[in-house]
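One structure below.
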Amino acid sequence: MREKILYGMGIVAGLWLLRNLYVILLGLPDEALQGAIYRILFFHLPSWFTCFTAYFLAGGASILYLWKKDLKYDTFAVSAVEVGTVFTMVGLVTGMIWARIIWGIWWTWDPRLTWALITYIVYASYLMLRRAVDDPTTRARHSAVLCIFAFASVMITYKAIDWWRTQHPGAVLSFRTGGGTMDPRMESIIYQNWAALMLLTAVLVAIRMRQETMSREIEGMRRFAHAI
Amino acid sequence: MSAVPPEAAINVRQLWKYYGDFPALRNIELNIAPGTCLALLGRNGSGKTTLLRIMAGLMRPQKGDVRIFGNDPRHSAARDAIGLLGHGIGVYDELSAEENLRLFARMYGLANPNEVAAQWLKRTALDHVARSLVREFSRGMRQRLAVARAFLHAPKALLLDEPFTALDDRAIALLQSLLAGALKGGATIIMSTHQLREAMELATHVALLNRGKLLFHGERPVEMIQDPTWLYRTYGEG
Amino acid sequence: MRYLRQTLTIAGKDLRSEIRTKESLNAAVSFAVVILVLFSFAVDPSADQIKEMSGGLLWLVFAFAGALVLNRSFARELGNDCLDALVASPVPSSALFLGKALANFVLLLIVELVALPVFGVLYNMSWARQPLLLAPVLLLATWGMTVIGTIFSALTVNLRLRELMLPMLIYPMMIPVLMAAMRLTTLLVNGEAIPADDQIWFRLLVGFDVIFTSLAVTLVDVVLVG
Amino acid sequence: MRYLRQTLTIAGKDLRSEIRTKESLNAAVSFAVVILVLFSFAVDPSADQIKEMSGGLLWLVFAFAGALVLNRSFARELGNDCLDALVASPVPSSALFLGKALANFVLLLIVELVALPVFGVLYNMSWARQPLLLAPVLLLATWGMTVIGTIFSALTVNLRLRELMLPMLIYPMMIPVLMAAMRLTTLLVNGEAIPADDQIWFRLLVGFDVIFTSLAVTLVDVVLVG
Amino acid sequence: MSAVPPEAAINVRQLWKYYGDFPALRNIELNIAPGTCLALLGRNGSGKTTLLRIMAGLMRPQKGDVRIFGNDPRHSAARDAIGLLGHGIGVYDELSAEENLRLFARMYGLANPNEVAAQWLKRTALDHVARSLVREFSRGMRQRLAVARAFLHAPKALLLDEPFTALDDRAIALLQSLLAGALKGGATIIMSTHQLREAMELATHVALLNRGKLLFHGERPVEMIQDPTWLYRTYGEG
């Protein structure tokens, strides 16, 4: 039953993304300055929002783990971080493609970009720390602490455009600018894409959580068998 | 959640400890009366070290709880009451014997660290090397210093993890006499060990762990004096 | 009061054994010099732009050399299972952390104060033009590095791969402090005033120190005990 | 023949356990990226002079990240006293050394080949303009780093202060290789020809490799056994 | 420099080993006949580990020499003949049991590494976990794998440093039976230990070290079966 719901959610997310893609490619006009390429924004921005949300939830789950000491929170945290890093990568790659076309280079050391990269490294090292600890309980504890620290980099990434003068464009969404900078139709598509990606994230996290729980159970059983 | 028996020095209730999904301790119930010396026995991997570390407050269990004289092991009153002697000696190589003991005396908030340190150096026959760095000590001297460190604050509960391992006959005899002294002074002792013969000289009680379960707890059976493995054969093959 | 005394006892112990053996101090100072020399091959030290990189170079050196000191902080307790003895004592984990952080702070400052003049000589810089402004930058940024280094030293102390994990974890976390310190130090070393735009770096340093110190003090018990 | 087979057995073992866990590879690669980020704060990466520093930056990154790999080399054997089992086996110390050096060489090359394009993208450099000349520089210099790193890893493996001593010892020894590699790489990456004046660097690399390899092979038995 | 007695498996002549200025071994003379099992006894710090490591070729002495079946310990013939079991298990956590044994078989230049590995996995009852990583093994399984590793190449001389430390009764029995088998197969065994009772089950000879000097070497005195500390009391207080 749970399977079916998951697959259903996955299909809905896919169809929704397809429909949004149709609107983005055929329904919206080109942007005045950048031409067709600005459309990458509809995936660039939602990817970042998605990964930030995933990291936020992972941080919350980590706090819950430290409080309740229940491994299911840890399982959630690691699954969310793993899916989050995938979307960070999507955000980085879309950004780099965009930069290549608009600025002519793949990368520049602008604070927003740099912090996005640092965020990626920090969460990658979270995943690496997990592999270095053998005992699942210690692993959960230590990575939860790291996950809480790591969220600082997400916040800095998010605020970077406000704190420094960046080459990267500033805020466009109306909740940050107070409105008026963007066509509401475009903004709505951004939100819709974000929602669809979040749905996809939920599916992926659920799948990952199942795997993680299972492998932990198997490991526990194996240790028990070996302890004889 | 019944009340803690007022007479218990260490009280363990429905204790579960998991490493991941692997249960290292399963529903341990244990009441240790003050003044007893408990030998904690069990095969490799049965959970002895885990149980001692939880009692010492170095780890937290997932379920159940431990009371040291009625307090949580992390409560500072409990920690004042505990003396710990693990596998390592727990003193610093780059400090002198005296400095080490003073340091721990200060950490335990004793009123007169210097006096206590001097006194224990004398008691463990280390006063002639008080100013030498621990790095230069022989194994026996280190072990004695470790004992001094653990006994310094007159702990009411001594937790020892395989204290006789790799010691020679003389060092074992010294440790046994110090432990016997502490026991006479009213301390409660819990020690894990595989060296049954050495443990039986002191133990008033024994507990047997098997794959995380407590199979036996009670006064030392008379059979064990003659034949230390009696317990294993009687209860251990479960 | 008792808490303070315990903190100082721990700090005193760490400082005493470090001063006695000078192990990590010597290593860190000489590592700092080695890095300064290596850098001088990578960049042309006589060029003019070196002025714009001075803060950057300096803090890179502090970060790399400092990691040696920070790495030892909890590793020092591994030898004879001293960590167990400490955690089992009545000293609260947070006092343990603060004591160790304090000792590391002093040690890092020593390393920095030795490396600064060496840097000045090798790269022909007069770094002491605005000492009254440089001092708070040094103190704030060093404390930030210390807090991150000490808490992650505790986090990784029992890992099989401590030496690999520690640098991977601490440098990304230290980046905010390092960035701020680099920028401010470059300005100060070159005798420039700090423009309004760059005031944010000071605030960032203070904010970082406050937030991360409170996080570390809150979480250290979980790290050490569970 | 037997010697060769033993060497390859050791190299195969090290590579297999590293490929299985990817511990030091992951750590080294991500450390390399972290250092690239740190450098970007220290030097202004958009400036023109960055071109003149490219080789320098690159080899600093290789040296720092590579040290993580080299450090693990003998440390890997400490865990269960495996070093004793190895030394007591009929594999001669020099075969042991060469096997480990070979494995390290491969691992360092992997790290470098990953770090190169990352560097290219992040610092906007096209590093592959003269691949046929760059390759021998990479190979020669990496072998030099490997030999130094492996022999000092053996020397420090049983020291209490391994983590402190290793960086202090290896970087100064590596300076000749690093200098040569930095200079040559800068030229090659910028698409310049190597002037007659700079040919000496090639010879230095070859000489260094030959001399230090023979020294290390001769001395490793003394280092491991006494 | 008299000739090596042809019958000696291990021959130690006028051996001195210093750590700095401290003499850890002082003028040791020892002839061990093939097929004997020698228990190397002595108090903490008496030099047992040092002597074993020198015999195994892990260290070189300052003076004197050691011959393993007539060869220098660093000679490859000698190293083919030696099996070593120290404190650590000497196998890799990140490889599987099978891979570990094959690796060592290849290092010893055995003709058919895979078969030998399979055979020893069966003999130590590890064949059902041959592909599991050693990291997941329990203490007992690790110890068995270590024994398989040390015995793999059918060594003619086995050197064991405190093999019984921290093992439970079952693991000790297993090790004893494997050692007894090797002894029957003609191997020479030298083991250091503080657990005299366990050692006496096997030992045909004993040697007593005291502060770096060899005080006694000969067949196991009959008194030691009843009372293992007899040797210490008779020769040890020198």
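In order of appearance the chains are A, B, C, D and E, and numbering begins at 1 in each one.
Basically, contacts are C-beta pairs under 8 Å (C-beta built on N, C-alpha and C of every residue); 3 or more make two chains touch, one makes a residue touch a chain.
Quick caveat: nothing in here was measured; it's all calculated off a predicted structure.
Fewest steps needed to get from chain C to chain E, stepping only to touching chains, is 2. Hopping across touching chains, the smallest step count from chain B to chain C is 1. Comparing the residue numbers each copy contributes, chain C and chain D share more than half of them at their mutual interface. Copies chain B and chain E of the same sequence differ in orientation by 180 degrees, per CA superposition (steps of 5). Seen from the Cα centre of chain E, the chain whose own Cα centre is farthest off is A. By the count of C-beta pairs in contact, the leading chain pair is C-D. Averaging Cα coordinates per chain places chain C and chain D 27 Å apart. Per-chain Cα centroids separate chain A from chain C by 32 Å. Averaging C-alpha coordinates per chain places the centre of chain A 35 Å away from that of chain D. Separating the centre of chain B from that of chain D, both taken as means of CA atoms, is a distance of 48 Å.
In chain B, the residues that reach two or more other chains under the touch definition are 45, 60. Counting partners per residue, chain D has 21, 23, 27, 30, 34, 37, 41, 79 as the residues that reach two or more other chains. In chain A, the residues that reach two or more other chains under the touch definition are 69, 118, 121, 125, 128, 132, 134, 137, 219, 223, 227-228. In summary, the structure contains touching chain pairs A-B, A-C, A-D, A-E, B-C, B-E, C-D, D-E. If you check the complex, the residues on chain E that touch chain D are 53, 56-60, 74, 76, 79-80, 82, 84, 86-95, 99, 103-104, 106-109, 149.
Only residues 69, 71, 135-137, 216-217, 219-221, 223-224, 227-228 of chain A touch chain B when the two sit together in their complex.
Chain contact summary for the complex, chain D toward chain A: residues 21, 23, 26-27, 30, 33-34, 37, 40-41, 45-46, 121-124. Across the interface of their complex, chain A is touched by residues 18-23, 45, 60, 62, 211 of chain B. Chain A meets chain C in the complex at residues 66, 69, 118, 121-122, 125, 128-129, 132-134, 137-138, 141-142, 144-146, 148-150, 152-153, 156, 163-165.
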